[in-house]
Every structure is written in structure tokens, then in C-alpha cells.
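Should a chain be cited, it is by its letter among A, B, C and D, assigned in written order, with residues numbered from 1 in that chain.
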Amino acid sequence: MLTELKREAYEANLALPRHGLINLTFGNASAIDRNRGIFAIKPSGVDYAALKPDDMVLVDLDGKVVEGTLRPSSDTPTHRRLFIAFPTIGGVVHTHSSHATAFAQAGREIPIFGTTHADYFFGSVPVTRKMTAAEIGGGAYEWETGNVIVERYAAGKLDPLDFPAVLVNRHAPFTWRPTVAGAVEVAVATECIAHMALMSLQLEPKLPNIEPELLNKHFKRKHGPGAYYGQSK
Amino acid sequence: MLTELKREAYEANLALPRHGLINLTFGNASAIDRNRGIFAIKPSGVDYAALKPDDMVLVDLDGKVVEGTLRPSSDTPTHRRLFIAFPTIGGVVHTHSSHATAFAQAGREIPIFGTTHADYFFGSVPVTRKMTAAEIGGGAYEWETGNVIVERYAAGKLDPLDFPAVLVNRHAPFTWRPTVAGAVEVAVATECIAHMALMSLQLEPKLPNIEPELLNKHFKRKHGPGAYYGQSK
Amino acid sequence: MLTELKREAYEANLALPRHGLINLTFGNASAIDRNRGIFAIKPSGVDYAALKPDDMVLVDLDGKVVEGTLRPSSDTPTHRRLFIAFPTIGGVVHTHSSHATAFAQAGREIPIFGTTHADYFFGSVPVTRKMTAAEIGGGAYEWETGNVIVERYAAGKLDPLDFPAVLVNRHAPFTWRPTVAGAVEVAVATECIAHMALMSLQLEPKLPNIEPELLNKHFKRKHGPGAYYGQSK
Amino acid sequence: MLTELKREAYEANLALPRHGLINLTFGNASAIDRNRGIFAIKPSGVDYAALKPDDMVLVDLDGKVVEGTLRPSSDTPTHRRLFIAFPTIGGVVHTHSSHATAFAQAGREIPIFGTTHADYFFGSVPVTRKMTAAEIGGGAYEWETGNVIVERYAAGKLDPLDFPAVLVNRHAPFTWRPTVAGAVEVAVATECIAHMALMSLQLEPKLPNIEPELLNKHFKRKHGPGAYYGQSK
């Protein structure tokens, strides 16, 4: 069932250690079939080297396992929450990539300092508020993790496709895009811009964000009706 | 004799350079057979590329070489001290991995700033006091290195499985777990969280440790009777 | 047509990810045939793994595509501007290499702190002024990017071969040399010296640039009539 | 002639990029036959990938090329100066490895903060004074580079085998040992301890050097008549 979807999710999961975004088993990727309302996600705590496409677990938007003998990732409710709240996204990636996680741990957004960042995001990479003790300990921790993300986007009136990554405070990044392969690409970009932002801050601790014209130009060069980057538009 | 134990220790030793935790010959891993009270450890100063499973030296808990033609690691008495003091551990790993060692050299614990850390430790990674001139020069330096570790855990009432790594002041990390493969995993995690903590401190020099609820949640998600991460529990 | 030129440009583009200078599809290289006034450049947004020599697009100095079925890099007008303004250069490389980009984002030149730097540059790596809203939004953004580079060299009376790399403010480095292979080498060197400069600044925030005698010695050792480094001079 | 010596020098040169110590063609290694007073050294500016054992150039202690069709490394007079001044060394390595060079550029010794450092050095890694304009421009720059090293060891009464690496101010490290393979090992260790010292300084800007007892213990554990590390002593 959904062989192609499972393969996409599988390929995305394998791409994470290959891009140096994942140590050990920190991280997971999922892809959704919007027609059926079913997503494929990595099983929990399985070593990447041992992973097979058929190990992907199929889960519906109510959280029910539809197919699969392994337990799905413990972060499954976070993925599910995002798929429900953000109907334009088709894939979600979660990593603990080092530089992005350093910002998440510090509760700091990744400030937008250059065009590399503006090629992917229409502003700084947002960070959620800290979760409350009730949200953490109330029995639905991973679902509530999704909730603080959704809350952040609602409060900031942020379009998930304009801001395809978020830092969960004290935790790490989640990224998404219309496809899971795109979510992997954003995960790579997020780690890269976090590294560069950290170094720019070392050089200029008070560095302001980039000018609105440049942000607008670079983001629109790649996204939306006026895009002229790449071959397909 | 104890072919399987030697193979486990051998595999763990080879994993250290593969994970980028070891330069040159800095570091070693050992695995114990608790029934016989014998552990297998890397020979001293042998290049990882040349290592064979049968090169592992078998040593008993009195420090006597039971089998092996090569001299055991000069750190053998530290491993032995840990195996005696911490009966729940089955493997010990010692590395000079760069970021963790930077904290050890500075005499600083690795502060617990996020969930990556809390997935492995029930608090900050402890650091020992400095060793005295008598402990260093008295003829049993490596045994005394084990002693300052044991002293730190006794003084802090720390369970070795809740805190499966320590930084020896001015020296480097030691890690352990019920299996030596687990001790390697903790060594990878320790290096990773040290790197992230260093960067979070650059962003926020006064960053406080994570909130107790989040620590509790993440550690318990992976460890103990309520664990629900992975496939085996 | 111009098979050899396309191969040179192709090889240079492939060298960028191999040297770790490029993540994803950030970056591009071009090589010019001065006799014909035609340059070969990477197509826009194509994955490096899928690139073939024949994918290189041939463009003339008026910006007209002379050969090729793919759209040329969106940065083509910047390359064209540089080839027109700097007649001694034969190849241009653009990367978003992390350490150099950190300086560009901060609007800081890469200060010349040692002989590694002086082996490639006759002073600090210059940074352009920020671009104006009119330059960014006026419909010729990439051409204007070339213009701020040219302006910087005119204002500073800098010979492009003495300063074979520039940082575009808020953006990233461009490098060049008489050959595109040489421009790749400068891109590697620029990233390396940016990394070292960042660390030297951490050690000594007020570190002055190197002494003129040493700069002169090392640059002239490799460049110009008195050069005595390598085999070919 | 001296086939084995050329092979040793060749192997050492190849080891430098493999250990990540060398970018492009920055760096060189040489090995001396003390009986004949002849050393084998890398040719100048040749790409490591193209190097063959027979490309090594044989040079005597008067600086005369004894065998070889290629021009020897431009740093040959520095190697020669060291071989003359330090009769106990058998190989010399020069790199521009990033972290060690960051200290050299800043004119700072690498402070001895831990046992990793003490396993290789009997104190901080020394740095030379800056060279004068006359030394730089007087026509014997590379020989004078050797001279400031020799001056530093004489002034500090430093045994070259106790301090098997030096940082040339504004330049980069040179390392040595009784064999050129040993000099490569010290080059790896120097880069590693420079990285760790930089990070320890970020954590504790006023961190003092390690205590004399610990320095003594670790250095003597590996060096001299009381050594008990490794298999061969």
C-alpha cells in the first residue's frame, strides 16, 4: 500500500545522515498522501543503516497506524499536528542538526543576515515559546509540541511556505515543504544559515537583519509567480 | 577465550575513529563479562587500522592480564576502577573528542541546554575535581583517575546510568553503559551535545539549564519503566 | 561548439561541492573564450550530481544565449559584468562558502592576518557597499551586483589579479583568475583564510593586519616577474 | 638513490591532505639521512594527487640539489636550517592547518590546557617573534624563517624533542621528530590541541595552564626512560 509514498519517506530519512544532519537516531522524515489523508513515517529508534522502505509506518490523520509492524517515530503526533494545521505542506523533517539546535536551545530565532537565508525564508527562522509544565507532562507531549509551532505561526500570521522551518524552544528544528524532498533541502539550508549566522554574530554582535528590498528580491527570485531561478518555472 | 567479548570490545574500538571521536591513538574501549569478572580492552598505542579482535587483552578485576600478548591500554586501571565501582555498567569508552575535551580542559561540566542532552543524561555532564599532585605522581595515576570519578558520583549521589559520561578535569571524557556499544553511543552523544552547548553559550552566555519538566520528560521517554522510544520496550 | 571551454566550466562547477564550498545548488562557475567573447556557465538550479558538460550554456558579452537548451544561472549578468570590466580574467566562481559568507553578511572585509592570505591576495579581501533599493528592485539586480563590485575596485584602485576575490555585502564571495580552475583555487583559499581570520579574531579582537614587508614578500613569491614558487616560472 | 628515504618523505607528504591538514598545495614534508647529510623534500607547488615518490628532490645540508629534476619546495631553506640546528630530528613537516595557523597569525602560543597536549609537548607550543623587514626582504627569507625558530629554542632553552612543534609568527606551524612519520603525527596533534585550546578559551578566557605534576606525568608517560605507553618500550 502506498509504495511510492513509503519510498519517498524512506529516501528522505536516508538523506538526513548523508547530509550530516543526523547523529545516531536523532531525527525523522514523513511524507503525506493528501487524497487519502495518510502519511508514511520512520519507525522509532531504528538505525538508519538498517532501514528499508517497507519499514516506513503508515499513519492516518487521527493517529491510527494503518500499516506497519514497527512502532512509528515517537515524534509522530508532532508531524500529524503539522499536517493537519498546514494543508499546503506534503512532507515534514525533524533533525537535531548542531548549529540550528544551538539556536533552539538558546531560545533564539535564526536572524536573517544574508541572501542565502533569503533564498529559503521570507524572514528570520521563528522560534516557539517554551512549553509549559502541563504541556510537557500532560500525556500528549509530542502533540503539544506541534501545538506550540502552530500557535507561533498563527500569532505571527506566518505562511508555512514562507517560513518552512521552525525552532522548537529548547529542542531543535522542524522543516516542511510541499514535498518531503523539499523539506530535506530546507533542513540542509537551515543548518547552513544557522552556522553562518552564528559566525556573523561573532564578527558583529549587533548585526541588523537584511534590508527589506534584498529579502524581497531573493525570496521572490525563487518563490511565487515572479520566480526566475531554476529550470522549471 | 571469551571470543565474543573480545569481538564486542574490538568493534567498539573501531567505531571510535569511524565516528570522528578519535585522532591518532587517543582513546580506548572495554567490555566486561560480569560472570567471570574479566574485561577485554584495547592494547596500548596500537594503530586502529592494524587492530584485530584477538589483539584485545583480557584483564581481571584485580588487574591481572588473563590472556593476550600485547600490553593493555595504559588507561586499564581507570576502566577497572569503574567496573568495580559501578556494577550496572558493562562497557567503558574513553576518548579525547574535541568539544567534550574543551569542557574538560576548562574544568566545566557540559550544561544541559536541550532535549538532545536530556535524551541521554538526567542532568549536566559532571566534571571531576582536579587531581592532587599525590594522586598524579604517587605511582597509581590511572587508578586514581578512576577514584576521582567514583568520588564525584558518590558526592553527587549520581546513578552512573543516569549520568553515563563524566569529564575528568584537565583530561577528557569517559562514558559507559550496560553494553560497550551503548558506551560508544553515549560518547557520540556527549561530543555532539558539547558542541551544541558551546555554541548556545556563544549566543547566550548566561543561558540557564533546561526546565525540570522537560528534562524529566525526555530522559524518561527513553529510559526506565515508562520509556516509549524505540522498538524494544 | 567550444567543447573545451564547456568542459573547463563543467569541471570547475563540479569542483565546488567536492571542495565543500557548495551546499545544495548555491554557486556557479564560468569560463570565457576571449577571442570569441563567449563564456560557458552553469545552468540555473541544476543539481551538481546531474550536471553534464553539454549542459553548460554559452552566452556572449551582450547577454545573448548562443548555445544551450537550459536557462543559464540567474547570476549570469554578474559574471558578464565582471568579464567586461576585468579583461585579464578568464574564469569566475561564485559560492556561498560558509566562513567567507559570514564575513560578507557582516559587511566586513576578510582582514589579512598571515602568509596563507598573502599567498593569494595583495591585501584584505574587499567587501562592496550595500546595494540600494533601486539597484536591487530595478529589474537588473544581478547586473547591478556586478556593478557594485566594479565600483569597489575602481574606488580602491584595486587590480583584479591582485585581489582575485570580493565579498558582496549581505551576499557571498565571487572569485576570478586568468583561468576558471584558478578561480576555483582562489575560492578554496578564500574560504580557508576566512575561517582562520575568524579564529584569529577570537584570540585577538584587535589584531592588526600583517606587516607590509611580509605581505609583499609572500605575494611576490608567487605572483609577477620575481615569483619563485612552483615549477613553471 | 636513497629510494627508501624518498618513499618516507613521499608517504609523509601524502598523509598531510589525508589528515585534513593541507588545502591546495600549502605544506610540505622532508626526511633526512643523517649519515649522508641529505634530505628528501617535496617539489614546489606540485599537486598532491600527482605526486610520485621519485618526484622527491634530494638536497644536501649546504642547500645543493643532489638529485631530482623538479625545483624543491620554496621552504627548503627552512627545513635545512632546522636539520642543521636540531641534530636529533629526522623529519620536518610544514602545514597551514587551520586552527594552529589561527594561533600563529595572532602571535599566540598554544597554551597547554590538558593531557592531550601534554602527551606530545612538555609545555605550551612556542611561537617565534615576528621577523624583521631585513630578514623578510634580504634575499634569504626562508633561511631566516628557520633562524627565528632556532633563536626561539635557544632563548627558551627548549629541547626540540620536548617541543616538537613551533608556530612561526604570522605564518603557520612547523613540526618535527626523529622520523618524518612522527612529524606528521605531531602535526595532527598540534592541529587538534589548537582547536581544543581555542574552545577552552571561549569557555574560560583566563584559563591557566595545566598543573606541573600533570604535565610531567603525561609527557613522561610517553617519552623518555620511564615511558610505559605503547608496545615498544
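Everything that follows uses one rule, which is that contacts are C-beta pairs under 8 Å (C-beta built on N, C-alpha and C of every residue); 3 or more make two chains touch, one makes a residue touch a chain.
Model, not experiment: these values are computed from the prediction.
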| item | value |
| --- | --- |
| For chain C, the least number of touch steps when starting out from chain B | 2 |
| Shared interface partners, meaning chains that touch chain B and chain D | none |
| Rotation in the CA alignment of chain A with chain B, degrees, nearest 5 | 90 |
| Of all other chains, the one whose Cα centre sits farthest from chain C | B |
| Homomeric contact chain C-chain D: same or different residue positions, threshold half | different |
| Rounded Å distance, chain A centre to chain C centre (Cα mean) | 32 |
| CA centroid of chain A to CA centroid of chain D, Å | 46 |
| Where chain D touches two or more other chains, by residue | 202 |
| Those chain pairs that satisfy the touch definition | A-B, A-C, B-D, C-D |
| Residues of chain A that touch chain B when the two form their complex | 23-24, 26, 43-46, 70-71, 74, 96, 98-99, 101-108, 130-131, 133, 136-137, 141, 170-172, 198, 201-202 |
| Chain D partner contacts - residues on chain C that touch it in the complex | 113-116, 119, 185, 188-189, 192, 195-197, 199-200, 202-204, 207, 210-211, 213-214, 216-217, 221, 228-231 |
